[in-house]
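Once you've had a glance at the structure underneath, I'll fire off some questions.
Chain nomenclature is as follows: A, B and C, assigned in order of appearance, with residue numbering initiated at 1 for each chain independently.
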Amino acid sequence: MDEAGRVKTVGELAALVGGRVSGDAHISIEYVASVGSAGVRAIAFVENRKALEDTQECSASALIVPDGAGERAREVAQKVPAIIEASKPKLAFALIGKILHLQKRREPLIHPTAVIAPSANIALTVYIGPHVSIGENSTIGTGTRIEASVVVGDDVTIGLNCVLQPSVTLYDGVTIGDNVVLHAGVCVGADGFGYVRDDVGYHKFPQIGTAVIEDDVELGAYTCVDRAALGQTRIGRGTKIDNLVHVGHNCDIGERVVIAAQTGISGSVIIEDDAVVGGQVGFGDHVRVQSGAVIGSKAGVLPGKIVRPGVWWGIPIQPLDEYKRLNAHIGRLPQMRAELKELRERIKELEEKLSSS
Amino acid sequence: MDEAGRVKTVGELAALVGGRVSGDAHISIEYVASVGSAGVRAIAFVENRKALEDTQECSASALIVPDGAGERAREVAQKVPAIIEASKPKLAFALIGKILHLQKRREPLIHPTAVIAPSANIALTVYIGPHVSIGENSTIGTGTRIEASVVVGDDVTIGLNCVLQPSVTLYDGVTIGDNVVLHAGVCVGADGFGYVRDDVGYHKFPQIGTAVIEDDVELGAYTCVDRAALGQTRIGRGTKIDNLVHVGHNCDIGERVVIAAQTGISGSVIIEDDAVVGGQVGFGDHVRVQSGAVIGSKAGVLPGKIVRPGVWWGIPIQPLDEYKRLNAHIGRLPQMRAELKELRERIKELEEKLSSS
Amino acid sequence: MDEAGRVKTVGELAALVGGRVSGDAHISIEYVASVGSAGVRAIAFVENRKALEDTQECSASALIVPDGAGERAREVAQKVPAIIEASKPKLAFALIGKILHLQKRREPLIHPTAVIAPSANIALTVYIGPHVSIGENSTIGTGTRIEASVVVGDDVTIGLNCVLQPSVTLYDGVTIGDNVVLHAGVCVGADGFGYVRDDVGYHKFPQIGTAVIEDDVELGAYTCVDRAALGQTRIGRGTKIDNLVHVGHNCDIGERVVIAAQTGISGSVIIEDDAVVGGQVGFGDHVRVQSGAVIGSKAGVLPGKIVRPGVWWGIPIQPLDEYKRLNAHIGRLPQMRAELKELRERIKELEEKLSSS
């Protein structure tokens, strides 16, 4: 998805990430790669000293290692002509990846097959691909790229430098911030799931609120963020959500939250800033997850629960320590049962002795 | 997704939902809102007397309260000039929402970019949006609205007044009733997941049945209803299904069933009328859920299980009471273990005393 | 999705599947059906002798039964004029289904609304439906059928005789083998979910690898296979995956693996050939599932786990036998508690007796 971007020297790259070079700082680097697959003009990284010991065969032109590990790196990775020491090698590698592998660029274009309402407000430098539809009064900001078959409803606002991958659907009235990436098929603003029952069946509760995706958010393929019944559903700035996640109506997801694939979030859940949520987690409605909470994969959170800072696990969730302790107890059940049987026999013996004495 | 519709007086609205007005029945109401956000020309509701006590600051023009709570409402919600008493306030609010916020309407249109097979049979008052494809011999009923990039296969029947949101896929031969709402990306009629293994690999079991969605059904975004292997998969009248749900081949889902997000239903499962199923539930194949059963979120139902009326929970499912009881027992395991240790010591003492005596 | 294909005689069909006919081998058969719904010109099957006893009312023109059950079939299924004995009746039925119900065929066509990059390389006998987009330098092999609104990126390779159902998305650079079936909305090659945190938020880890789908794979609707960070994500030959499955970056799924709906696989998981995975299973990252392993639905596999051959169950997974044993122990907890109480009382009595004696 990226195209090879620029070429940089090891020295330039080190400067950009605040690293320190030993070896040849003038070597040109073209791409990032893993230690095992990197070749000439590639840069690789090791996260720690332990991983460094497996770099004897590494053929990269440069290797990023932790601060202080440069000398050892020169000894082990003898095929690598340049070493960069950095305080956070993985972070440095990610930043260098961003520099070397530019995001795909499209020349500004409105493809002739795109159908754009006359009242839509499209910035000049936008790319709009084939078979896109954009509704009335919608706004697309500068530098935004909208790939094929995306459908944007009426009264939608999309900010600057966003990427909408193919077949994204934005329902009427939703708002997308700047630098947002929506992967294939993301759906923002579908009706929340709310009904009121009477004698004959279900009546839809009004689903007339909206949904807001703030700046720097990335949503994975087919992730759904429902509109609010009344009010708004919000995904906060810098939050990253994986594929096939469901975010129900009126949820308020804070900033820099991370949510892994296939997690489901019922209506009116609040997840505060910087929380981390694993995959396939389920939230009942009106849960509040506090900042600093980490919820393990496949956990289940009962409706109304307040999840305090710390690591949580299980169905329903418990602090990880408690979960482990109880799990250990469960694992010892056969032994407990055997002990119980033994005690019963010893008691019986005692009873017999006592009655015979 | 809705556009503000009509304006009604409080009196008219009360009459439409069988409510009783106190205060000014002539005030005009334009929209529904929550107690906290409602302003002039808005109507809000409280579901019970407890919630009524938090309406001091409510600035709605009208408030729906439970029968008999009108007097108290006048005392508490002093800023609200009109009160409607109704036997079911939430239901009244939902019905009023439907009146005030008309569903989006589209003028009849077949967009010039739509590709419609010559043999398709399209009613006169249909809306067909940009980039839609409709196959041979398919029928679209009066008043139906088909949004952008929907793909309808051959020999598909769609009834009256349906809404197909963007990028819905209907495979060949499926049937959609009247007043059906299919949210973005709903997929009806993909092949069921059935293979027969031989020495070299898997052969597909025939997936040549069909799928039928009955009247008044609503399916959430990216929900998949597979076609039957032989025979039909059915979603019964008035059933409501949330986002990202999987319904396998040959399932028979009854009427007025509710299924929350991300639930997965294996092949040949029967869910009888009026059952309620939470989110992320998993069903093995050939399960039968009887009418009156309620299955909690994240539950797992083993293949072939018959789920009787009542509330069920857990993996595998148990009656909720049993589940809670066992969970409490598990929670007491550390204590049981301590007791066991204590008894062991007391027995040892007894044994020593007895042997020494 | 299939259209009735050819007509064959019972004798021809039996010969094609290595079966033995008793009764009239000249009867024409047009379609496959279940025992209950089959009529004239239909062929049905029973998998075993037990099911054979329910065929009294079967009105099929032919019935496939297990080897050696032909005589009994003539006695029970008296309305059926022809019986085929086969060693694996269900397999024979599947193969006959493939013969009688040809896959949908499309005449070669590039629909005029399709947008195809000039540098794309499209074989002569390809079908490309309405509103399809195909990017630069992509290759589509002979006999492949691409349904409406599919989006193929740049530098994609698609092999021979594939079927891409509507709204499939293939990101840049992915490779699809021969005879691959991708159901509606399948997404191959979206960015993996990997970020590196610093003080201000998350930076994307490079997602510049690719994804490869080998020959004879079938992927269900909205299943997502992410591209690798570095290197490749692979789905091996003959593997079958159900709807709404998530396959994370750098996974290596072997050949003839079966994965049921809504399962989620984190990054860098290896599933070896012929493994079987149920629905809604969750895998932590860096798991290795060995050939011969069967993982039950809703199981959870902890990161880094090696899953050996055998049947596994539970969260976290255990061998099925252990799982059942522990579950039985948990079920006996109330009884254990009662026993503990009883023993406590008996000890108390003993203590009293002893102290009074």
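Definition applied: contacts are C-beta pairs under 8 Å (C-beta built on N, C-alpha and C of every residue); 3 or more make two chains touch, one makes a residue touch a chain.
None of these values were measured; they are calculated from a predicted model.
Enquirer: Could you label the chain B-chain C interface same or different, taking same to mean over half of its residue numbers are used by both chains?
Expert: different
Enquirer: How many degrees of rotation bring the Cα atoms of chain A onto the matching Cα atoms of chain C, given to the nearest 5?
Expert: Rotating chain A by 120 degrees superposes it on chain C.
Enquirer: In whole angstrom, what separates the CA-based centres of chain B and chain C?
Expert: Chain centres of chain B and chain C, defined by C-alpha means, are spaced 27 Å apart.
Enquirer: Among all residues of chain B, which ones touch two or more of the remaining chains?
Expert: In chain B, 113, 131, 149, 167, 185, 222, 244, 262, 280, 315, 330, 333, 336, 340, 343, 347, 350, 354 touch at least two other chains.
Enquirer: Quick check on the complex: what are the chain C residues that touch chain B?
Expert: 1-2, 31-34, 37, 88, 90-91, 93-95, 97-98, 101, 104, 111, 113, 129-131, 147-149, 165-167, 181, 183-185, 216, 218, 220-222, 238, 240, 242-244, 255-256, 258, 260-262, 279-280, 297-298, 315, 330-331, 333-334, 336-337, 340, 343-344, 347, 350-351, 354
Enquirer: What part of chain C is in contact with chain A in the complex they form?
Expert: 113, 115, 131, 133, 149, 151, 153, 167, 169, 171-173, 185, 187, 189-191, 193, 195-198, 201-208, 222, 224, 226-227, 230-231, 244, 246, 248, 262, 264, 266, 280, 282, 284, 300, 315, 325-326, 329-330, 332-333, 336, 339-340, 343, 346-347, 350, 353-354, 357
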